[in-house]
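Labels A, B, C and D are assigned to the chains in the order they are written; within every chain, residues are numbered from 1.
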Amino acid sequence: MGKSRLEAFSDGVIAILITIMVLELKVPHEPSFDALGPLWPVFLSYVLSFIYLGIYWNNHHHMVHTVKHVTGGILWANLHQLFWLSLVPFVTGWMGENHFAPVPTAIYGVVLLMAALSYWVLQRVIITAQGPDSLLKKAVGGDWKGNLSPVLYVAGIAASIPAPWLALVIYWIVAVIWLVPDRRIERALGLHD
Amino acid sequence: MGKSRLEAFSDGVIAILITIMVLELKVPHEPSFDALGPLWPVFLSYVLSFIYLGIYWNNHHHMVHTVKHVTGGILWANLHQLFWLSLVPFVTGWMGENHFAPVPTAIYGVVLLMAALSYWVLQRVIITAQGPDSLLKKAVGGDWKGNLSPVLYVAGIAASIPAPWLALVIYWIVAVIWLVPDRRIERALGLHD
Amino acid sequence: MGKSRLEAFSDGVIAILITIMVLELKVPHEPSFDALGPLWPVFLSYVLSFIYLGIYWNNHHHMVHTVKHVTGGILWANLHQLFWLSLVPFVTGWMGENHFAPVPTAIYGVVLLMAALSYWVLQRVIITAQGPDSLLKKAVGGDWKGNLSPVLYVAGIAASIPAPWLALVIYWIVAVIWLVPDRRIERALGLHD
Amino acid sequence: MGKSRLEAFSDGVIAILITIMVLELKVPHEPSFDALGPLWPVFLSYVLSFIYLGIYWNNHHHMVHTVKHVTGGILWANLHQLFWLSLVPFVTGWMGENHFAPVPTAIYGVVLLMAALSYWVLQRVIITAQGPDSLLKKAVGGDWKGNLSPVLYVAGIAASIPAPWLALVIYWIVAVIWLVPDRRIERALGLHD
């Protein structure tokens, strides 16, 4: 019961975030194709962030699925996760409107990094709450994606100042890696085979 | 279970989209009937898009109803569908504020077309996931509406540049065609008879 | 099932409407009590509309509770209801920012009137769908509130041009009349006694 | 049934509030670290309000969990609670953009105080509705947090004019006190042990 409310609240916040991001796509005043030109960087940032929020929703879905009892710790680790995700529209707009300038591109990576770390914290809190027979612990096992992503984000942040385009390539690579849903969890749960 | 979360998330996004569109109806500063004059094109665009989003919500409702197991493919095809719908408020505002100028009216049609194609992709992914006895496959059968709509959207886009009013007439015709809910699915499910 | 999705979608839209209305309360630039002065009419409009949307959510809650099978007609009558409610933030902002000037106050009443009529249409559609033994039909019986409200709205609209303050008094009276939830429906359902 | 809709609506409103607050973090035009400088007070206000809304969501979760029958009184006491929470984004933006100037900091405290009082009213209404064997009554017992918070808010409001920084320290102290979820309710319900 508590779990379904946790899911509903998290889904609600992620759904709102993914949708209000589109408000950064400001309606141009001119009715011409040219008017769409300056919007391309904002649009590309929007697509990237849409995919990231989709990934978080998807993985969050599988992770919370393994929760049996919602503890206070899980509630707050979850709000902490949502807090970092809530900054995604802000950094998406900043990076896009400034055509992938170095500083906003680096800060975009910082928010992705913090979102990843808060996801890891939430995972730890759930595993601890589940005790020694944790279903989630078995499922994540050697979580190579979860371990690799922060390293790539740090590389992206470092690359932002000299070569923002390289940072973007790295952010896209991480997104593509995650696009495949975490089948290990699905398999451990025996949900879809 | 996963299915109900997929529905809840999709409903959430569509509910937010249908509602934030109204933010494009900027509150006029003058307290007179004249001040409402320039808002009519925006208002008419809002009504049209409200109906379109209502249609997508309605049909999505019936389609996802047939899903038994949510696969990764269904999740992403659904997010892809939501992505194109998320652009509806933007093109609605652009078309309305420019009083149905040719280019915004054409781009409005492009977003409707992409939304229709992503709906078709989602349908295919669900049918494939359901296997040979797919309930949805039986239900959609010869989907004349689904086949006709993209053709009409292309016609509308082509008409936009020389005659935007004709494009609008076509967009309204498609909306009216879809206003009737897909009774074939309802019948195949034996839900309402 | 379909019913719970109808409720969830409607709740979502009403929750978003009631919340984005607060965005019309523009943050003033000056950090003084004086800066709050011009906001009072906007704030009072917000309170009135908050109560109205709360009333619609509340009554909608009781009405949809009696629905057994969601038909296409109910879906669209419900979207029609939500459409008129979606215009509430717009007219609230317009009326408030113009300090209850005659025209915006009249248009505010028109939207309330249309919302009431679309509520009545939804009620009719549900009763028709339920057939001769309609639970809702028994519950609404002689619906004096539902019959009185449109009359009062028309009176309010008529009063707006010569005396906007009188229109507001009338709108508040209707709100107070409805504040009491429709116990007849509750009683007929045997829910709370 | 009615209870789950009350929860869903409240969760929806709180999820939207917590998310639209981030819209007050206006995207700066300059792509430099310096451009983030003036945003720090807004960001800190955002963090504080995010925690407060998280606390309300969390405690609301536990409180409504004890409700068996949703009465009209509970519905309206709940909307009254949501009304005061809906003003949080407004005062958060005002306080942040004015760098914790005295008046906005005092008004921020007033909204926190009203939210706390409306929470208390909701608690009373639920306890009364539950009658002499009220589960919630047993659970809250000597509610020292609930009794202490309004006193601290009043102290914070009083401190705002001469020393806004002191008011902020007090608001943070209240937040930290509440960060620990109300285990008494959990214990009484035998939910998590």
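Keep this in mind: a contact is a pair of C-beta atoms (placed from the backbone, for glycine too) under 8 Å apart; a residue touches a chain by one contact, two chains touch by 3 or more.
Keep in mind that this is a model prediction, so the values were computed, not measured.
Visitor: Examine where the copies subunit C and subunit D touch and state whether the two sides share over half of their residue numbers (same) or under half (different).
Guide: Mostly different residues.
Visitor: Quick one: point me to the chain whose Cα centre is farthest from that of subunit D.
Guide: Relative to subunit D, the chain whose C-alpha centre sits farthest away is B.
Visitor: Can you report the angle of the rotation that maps subunit A onto subunit B, using C-alpha atoms only, to the nearest 5 degrees?
Guide: The superposition gives an angle of 90 degrees.
Visitor: I'd like the Å distance between the centres of subunit C and subunit D, where a centre is the mean of that chain's Cα atoms.
Guide: 26
Visitor: What whole-Å value do you get for the distance between subunit A and subunit C if each is reduced to the mean of its CA atoms?
Guide: Computed from C-alpha means, the inter-chain centre distance equals 37 Å.
Visitor: Give me the residue numbers in subunit A that touch at least two other chains, ranges are fine.
Guide: 8, 12, 16, 20, 23
Visitor: Treating touching as the only link between chains, describe the layout with one word: line, ring, star, complete or other.
Guide: Graph shape, chains as nodes and touching pairs as edges: a ring.
Visitor: Please list, in label order, each pair of chains that touches.
Guide: Listed in label order, the chain pairs in contact are A-B, A-D, B-C, C-D.
Visitor: Using the touch definition from the top, list the residues of subunit D that touch subunit A in their complex.
Guide: Spelled out, the residues of subunit D in touch with subunit A are 7-8, 11-12, 14-16, 18-20, 22-23, 25, 27-33, 36, 47, 50, 54, 57-58, 61, 65, 179-181, 183, 186, 191-192.
Visitor: Please output the residues of subunit D touching subunit C within their complex, sorted ascending.
Guide: The touching residues are 1-2, 5, 8-9, 12-13, 16-17, 20, 23-24, 69-72, 75-76, 79, 82-83, 86-87, 89-90, 93-94, 97-98, 101-104, 107.
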